[in-house]
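Worksheet for the structure shown next.
Every chain is named by a letter (A, B, C, D and E) in the order it is written, and numbering of its residues begins at 1.
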Amino acid sequence: MARSVALYHLRRNTATSVAAAVIVLLFLLAIFGPLIVPYDPLATSMQEVLQPPSAEHWFGTDQLGRDIFSRVVVATRLDFAIAVAAVAISALAGISVGAMSGYLGGWLDGVTSRIVDVMMAFPLFVAAMALVAVFGNSVQSVVLATSIINFPFYFRLARIEAASRREIGYVEAALINGNSSGSVIFRFLLPNSLPPVIVQVSLNLGWAILNTSGLAFIGLGVAPPTPEWGIMIQEGASMMMSGEWWTVFFPGLALVLSVFCFSLLGDGLRDIADPRRRS
Amino acid sequence: MKHRTLRLIAWRLLMALPILFGVIVVTFVLIRALPGDPAIVYASGPNMSQEDIDAIRRAMGLDKSVFEQFLIYLNNIAHLNFGNSLVTGQPVLKDFGERLPATLELAVFAFALSLVVALPVGVLSALYRDSWIDQLVRVITSVSAAMPGFFFGLILIFIFYFLMGIAPEPIGRLSGWSIAPPTVTGFMTIDAALIGDWEIFWEALGKMLMPAASMAIFAVAPLMRMMRGGMIDALDSDYIKAARAYGIPRRKILLQYALPNAMLPVLATMGMVLSTMLGANIMIEKLFAWPGIGSYSVNALTGVDYAPVQAFVLIVAVLFVLMTLAIDILSAAIDPRYKLKG
Amino acid sequence: MTAMLEIDNLTLEFETPAGRVHALDNVGLSVDRGECVALVGESGSGKSITGMAIMRLNGPNARIRASRIALDGTDLQGLTDKAFQTIRGRRVAMIFQNAKSALNPLRKVGDTLTDILRAHAPERLSRRDARARVLDMLEMIGIREAEDRMYAYPAELSGGMCQRIMIAAALLCEPELIIADEPTSALDVTTQVKVMDLLMSACRERGVAVLFITHDLALASAYCDRAVVMHAGQMLEDGPAEEVFVHPRHPYSRMLLDSMPYGKESAADLKPMGGNLPDLRRDDLPACRFAERCSRVQDCCRTQSIPEARPSEAHAVRCFFPHD
Amino acid sequence: MKRRDFLNVAAMTGVSLLGLRLGVTPANAQGRNDVIRVLLEDSPNTFDPSGTGYNPASCNISWNVYDRLVTFGVKPVEDKEDAFIYDYSNIVGQAAESYEVSEDGTTITFKMREGATFHDGRPVTAHDAKWSLDRAVNLPTSKAQLGTGSLTSPDQFTVVDDMTFQITLPQADRFTLPNLCILFPAIINSELAKEHATTEDPWAEAWLKTNEAGGGPFTVSRYVADQQFVLDRFADWKNGEVASAARIMAQIVPVASSRRASAERAEADLVRELSGRDIKDMIDAGKPRVLGISNPARMVSIALNSEMAPFDNKLVRQAVAYAVPYQEMFESVLYSRGTPLFGGSAETTEARYPQPLPYTQDLEKAKALLAEAGMADGFETTFTIDSSLGTTAEPIAILMQEALGKIGVTVKIEKVPSAQMGQLQTDRALPMYIAVGGAWLADPDYFFRIFYNSTRRWNYGNYQNEEMSKLVEETRFETDEEVYKTKVIRMVELAKDDVPLILLWSPFQDTVLSDAVHGYEYMFHGQLELRPLYKS
Amino acid sequence: MTEILLEAGAIVKDFPLGRGKHLRAVDHVSFKLRRGEILGVVGESGSGKSTLARIVARLLPQTEGSVWFDKANLASYSGARFARAEARRDIQMVFQDPLASLNPRWPAAKIIADPIRRLGTPKERDKVKALVEEAAERAGLPLGLLNSFPHQLSGGQRARVDIARAIVLRPKLLILDEPTSALDASLQAHVIQTLMQLRADLDLTYIFVTHDLNLVRLISDRILVMQKGALVEEGPAASLFASPREAYTRELIAAIPQLGQRRVERAGREH
């Protein structure tokens, strides 16, 4: 029934379901995109530099004559992969440590919470920049930096969820049934903290994409010529003023569209997860 | 009661010290992990010999052990000495003194802008829950939340400055030809108002509009969502039902019963938004050549200029701690149930 | 002489995402002047919804139909929302189950009380005069340290105290009718009697009619003149309290009493009732919604409209086969 | 007086009475005609001409605020109206009214200019010259450079009398006078500087970093790092014609598109550091005025680490040099805004450098060379770019990656922050990267000495060749023109054959000027020479 | 006299309030429980009755005092540590709010089987299934509902799942913490009867914690009355109701509404 109610809300909330559909489509593009794009996203062509959008080049070409449509599509894979990996790492680490901290309390909670307080007090973007700078300009360090700066959100979420459920009936029942602390955390608390976590994940995927492109925009992280939306925007930014708006517009549009869909989906999921927000 | 509150505030500030210490340690370690030898960077002349570089390293104290460097750094901080910037060659504190007001003014203005947009819209959205207004607002705010500030800024510059020519040049706080009012608060608008120079006042305000809008765009969605959620929770609550049952006029219910209660969760978000605006406006500052601490510290970071980065992180952390405290105090002032966490 | 409150044929449905809920079906009841009527039933029986329907507080998704919802002979249904505002709190007041959450947590209780008074003041009532009248009221109903209480926030008061404040709030504008919705079910037994005594004697003194919504039959019998038994949105029995509770005529009333510990000697004397409340989202609800749980059920109960039996002038039972 | 100005003055007087810091000096009744607004990408980081860690942009201040004993004269640029360029062969007096070189060339005597003063009114004397040069040969930043002109020790500098200053040299050196014209040997107000010197800091480095003690055509009236600096005309300047512009307002605008927009809308008078594409667009549009001046001593190249495999093999370096898509790169990256340094003839006739290397894209030849080197299947390598290099570096890297891919070489592009880049260069840890360099002194042997020899970072290709070292030594003091020419031609041949640096081009220094601005002079350092600028 | 199953000696429980202050929730409470007995624990909210129940169930550690169960001292075991103790299978608990006490993500069968998997010996799938079905049957839960999730069940059915989970390992002592207070009267009678039947069938001993004095009177052998953490009065149910010794007990009993016993006189009808 819960499932059918969820489906019902999904159906009723057009925005959410459209967002979900677009995300599925984008994931498909991320997987199959490189197979279906009309041009090699890396191939330069001096004869076709900065062509406006046309039937041949739907999104036009960039300053090296590369097909922007192909690059935008292929970039989906990298941007999504980074976002998914980063969010997966931070979510897994964050909720595990958070749930332990919240449930067990005591000195463990004290220490981890202080550490997270320190992390929260850091200016996020600067922290991400510094981390990428430290670990070197690579996809891995963008993933690592993004997951580190997102860790506190999951930690806090899981910690509050776990702490609020410490004395809830089914945890007491679990103890009565002979479950150890670890078993209580991983069999009872974590699965039940999932709905808010899923909402957070959905919103976070969007932020992670934004973060990646932000880093790329200031020249950190992914190295060219890898197609990446942030890099494309950064490269195109200087061309906007000379009228080649398509160099910025389409990667930006792809970026906005995917972040938008993730946040819309997260919003919708939140409404479904939290019955009070329902009408 | 007053006395107790003061004690609690003092206690809270004391409790923030370990956090700040943690920030100092992490920053210190992180920044020393940065690739690049500051002595080499500083000795920018490619014609310098190894001896020259070593001499510079000694002069910068980088030949000492990291632990020793840390103790020296701590001692300096204790004396409010944040060192000198390699990039600008000035004391970091002086650099910040010149830049922080610009960042603060922009952040405050952007913050005000986002509140002015988000809060009424959130209330409206809650009042007309699930109507087309609500749906439209949610779609628009979701789009705005998805818009990277730098992209939005680019679009604004392109449309309003480049194409239409109605926006001022996206460079700095004043036009290149105008004379800045004497620095009193460091806030260009306020300083202009202080000497009654309204032309400069309006110019400074106009200059802030596009960067502030670019910064505000990310904040509108979370604020609006919290406002909407808080308002819905408040409207669904027993006390609103009771107030209606007692015939209290609708206006009064909205303004004196629902709104204050709905503002409570928004307060926390406001804190988050403001601190993000202070710490994460780097790209906007770069885009608009805004003379703030954001672009300053990014330059420092890429130039392995230790002192400004350390100071920047510390300052933002202090602002964050103060902001959290301010939000706590504000919450306690509004909500009698809210206890300042000691 | 007209009754203080008269409800005829009240039917209410909720439109929800999961379907239409048939919450109330042809409910009729009346409360005379100065009378205390208990509205009893299990959870889900529709008793609170009935109370809210009178106050028009059911929310935007409620569809209400009634032939009559009259206060002192005037049908309220024709009133605009704005006009209805003057009824709420002024002529009909309401007391809620959870007093603590029914008071604005950010407002001193004294301010909430003056708000109510000023909302209904015929001419501009100064804040000062309003406060004075509130203080009088608090003292009159025997709240100790009334002055201090006015400066307290709800969170600083006990549940019992909050409920006393709510009683004061209800009495403040000298209403003709008070709807008390489970006013003490969140309280401990010892506090419960004190608060109930306070509420009922205050209403008696002022001649205020009370519609007392509760699931506690003993409590109802201890304070009320008449009792109305509801089940699944239907009114089943309506009569003098002692008759309904001591010699119930409707099978449901009787089975409900049998399942309760009152007057029993041992656990073995408890007689569980069969079945569950019907799902009110069903579109094929039987005519008598108790039919599926009833031991006396026959075919007519499911299909034909239920007749009203009158064992005595003041006692009505809606059943084909009532007990004698 | 306009109302606003009156208010400003009134308010500022009031404020200064309160002891508050002033933003800028209030005396600015001039209109826009007297003020030249400049937009730059990078901010100066010191006022000190010998400041440790100075960046190129700091020339914009130190060059215009200080004078030197002598300076390069200027000559009109060929094919350009209203534009001048420094004349390396014409060295004229500046702080020194005149100078005299002894017959044997080991003594140079300078006569200081009568009546010339520093900004604080103190007369400029030979003592100041002595202190300034002592300082310059002592500080690490300037020491090495001045050494290239045989200026190494304070003992060489003598105050003959208050107004006569003498330099003695161990031997005649044609690099001495040019070295006195560059940035470092600026004449500092020694009395003022000494007031701020300490025992730990005898040369007042700390103070001079953000304070000026000069006597040049401009004074610094406001400086906020990374934001702006304002220079005001020094009206009592005696060492030449007083600047026409009363004030230079320079703003630092890191975003190129914003600089371009301001240039196009003529909101700024002088805009620097625009991309080739922006410049080309403006030239195509015919508005505003673009001055592209080529500095023959500047070059953009691809450095191949000659000591690191596989680039330690000359054949591999040549193969790479044949794989570069020069013309494509020149057009699509630079939009042809420069002088090509590729496609030259194999035979060397001219004794100048840099000159076009005899390479063009020839993939077959590249493949053959690789095969000859025993790497027919190619290899893997890394191409490093400095993240601060901006718009040109990435396309170069991408085109290189694509082109090398065609001869079987797999290239990974790595982008590192400039801070790290410096260290990697110093550590000689990079196999292949973009190197940008330029010599202040135009002699070809000088160029080879610093870019194709030495152990310092400037030897980008990490090139070690005994013959080159020998030639570099031999040409140092060579005065016989024929011998010199022969040896230089041999060095050029080595550079062509060994290609530790694949030269790409010498970029134009493009400057966008509003219609009102005239008198542009290009200096060897590529930064702004402000004094001659005037507005019509 | 039957043997003593459980003996609590001078149990004290303090909850820290911060800054060295404590709330004493249970204050030196001692009692004995005989095998097969039903001990009612009554008191108003804040009386410490639930805390006492949790200490006996080893969900909470006591601050002071001893808990002897089946001649073993359990005082050193609590919470997660008790999970490994021998007596864990013998002490089970039924909770107040069955919706909260059932893991919302598990079907009823899995919930009931959890104690077997954690504590029980048979691990074979069909043996576990058989045990689960037996317990469900005893608790009056239709077997067809075993695959339902808690939110798909009615309140009464949830209570039965909770009971089935508690009895599946045949414990000796069942602690019932307000097991019916969330239920309507008609369901309460069902659950009470089920519990009475189980006790007869499985030879269980009950500690029945409740605020409902009407109910506790019917089912308990002995009653403990608690107030503000302290034990006020203890005695056999009948005599305690008939002749309470302590003023507080008297006040409590007097406050119980009784059917047909008017408290505020009705006004004469005005017609």
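General remarks:
The rule we apply is simple: contacts are C-beta pairs under 8 Å (C-beta built on N, C-alpha and C of every residue); 3 or more make two chains touch, one makes a residue touch a chain.
Computed from a predicted model, the values in this text were never measured in an experiment.
Path length between subunit D and subunit E in the chain contact graph, taken as the least number of steps between touching chains: 2. Top contact pair of chains, counted by C-beta pairs, is B-D. At the far end from subunit C, in terms of centres built from Cα atoms, lies D. Chain centres computed from CA atoms place D at the largest separation from subunit E. Our note on geometry: subunit A versus subunit C, Cα centroid distance of 51 Å, whole angstroms. Remark: subunit C and subunit E have CA centroids separated by 32 Å (rounded to whole angstrom). Residue positions of subunit A touching 2 or more other chains: 133, 136, 237, 240-241, 279.
The multi-chain contact residues of subunit B, meaning those touching 2 or more other chains, are 34-35, 157, 162, 286, 302. Residue positions of subunit E touching 2 or more other chains: none.
Of all residues in subunit B, only 34-38, 40-49, 52-53, 55-56, 85-90, 95, 98-99, 157, 161-162, 165, 169-172, 175-177, 179-184, 194-197, 199, 286-289, 291, 295-296, 299, 302-304 touch subunit D in the complex they form.
By the touch rule above, subunit D contacts subunit B in their complex via residues 4, 7-8, 11-12, 15-16, 20-24, 26, 28, 32, 35, 37, 39, 43, 45-46, 51-55, 140-141, 143-145, 209-210, 224-228, 249, 251-255, 257-258, 261-262, 265, 267-268, 387-388, 416-420, 422-423, 425-426, 437, 450, 456-458. For subunit A in complex with subunit B, the residues that touch the partner chain are 15, 114-115, 117-118, 120-126, 129-131, 133-134, 136, 206, 210, 213-214, 217-218, 233, 237, 240-241, 245, 248, 252, 255-260, 262-264, 267, 276-277, 279. Looking at the complex, you find that subunit B touches subunit C at residues 237-239, 241-250, 252, 256-257, 260-261, 334-337. By the touch criterion stated above, subunit B contacts subunit A in their complex at residues 18-20, 22-23, 26, 30-31, 33-35, 129-130, 135, 138-139, 142-143, 145-148, 150-151, 154-155, 157-158, 162, 221, 225, 229, 232-233, 236, 276, 278-280, 282-283, 286, 297-298, 301-302, 309, 312-313, 316-317, 320-321.
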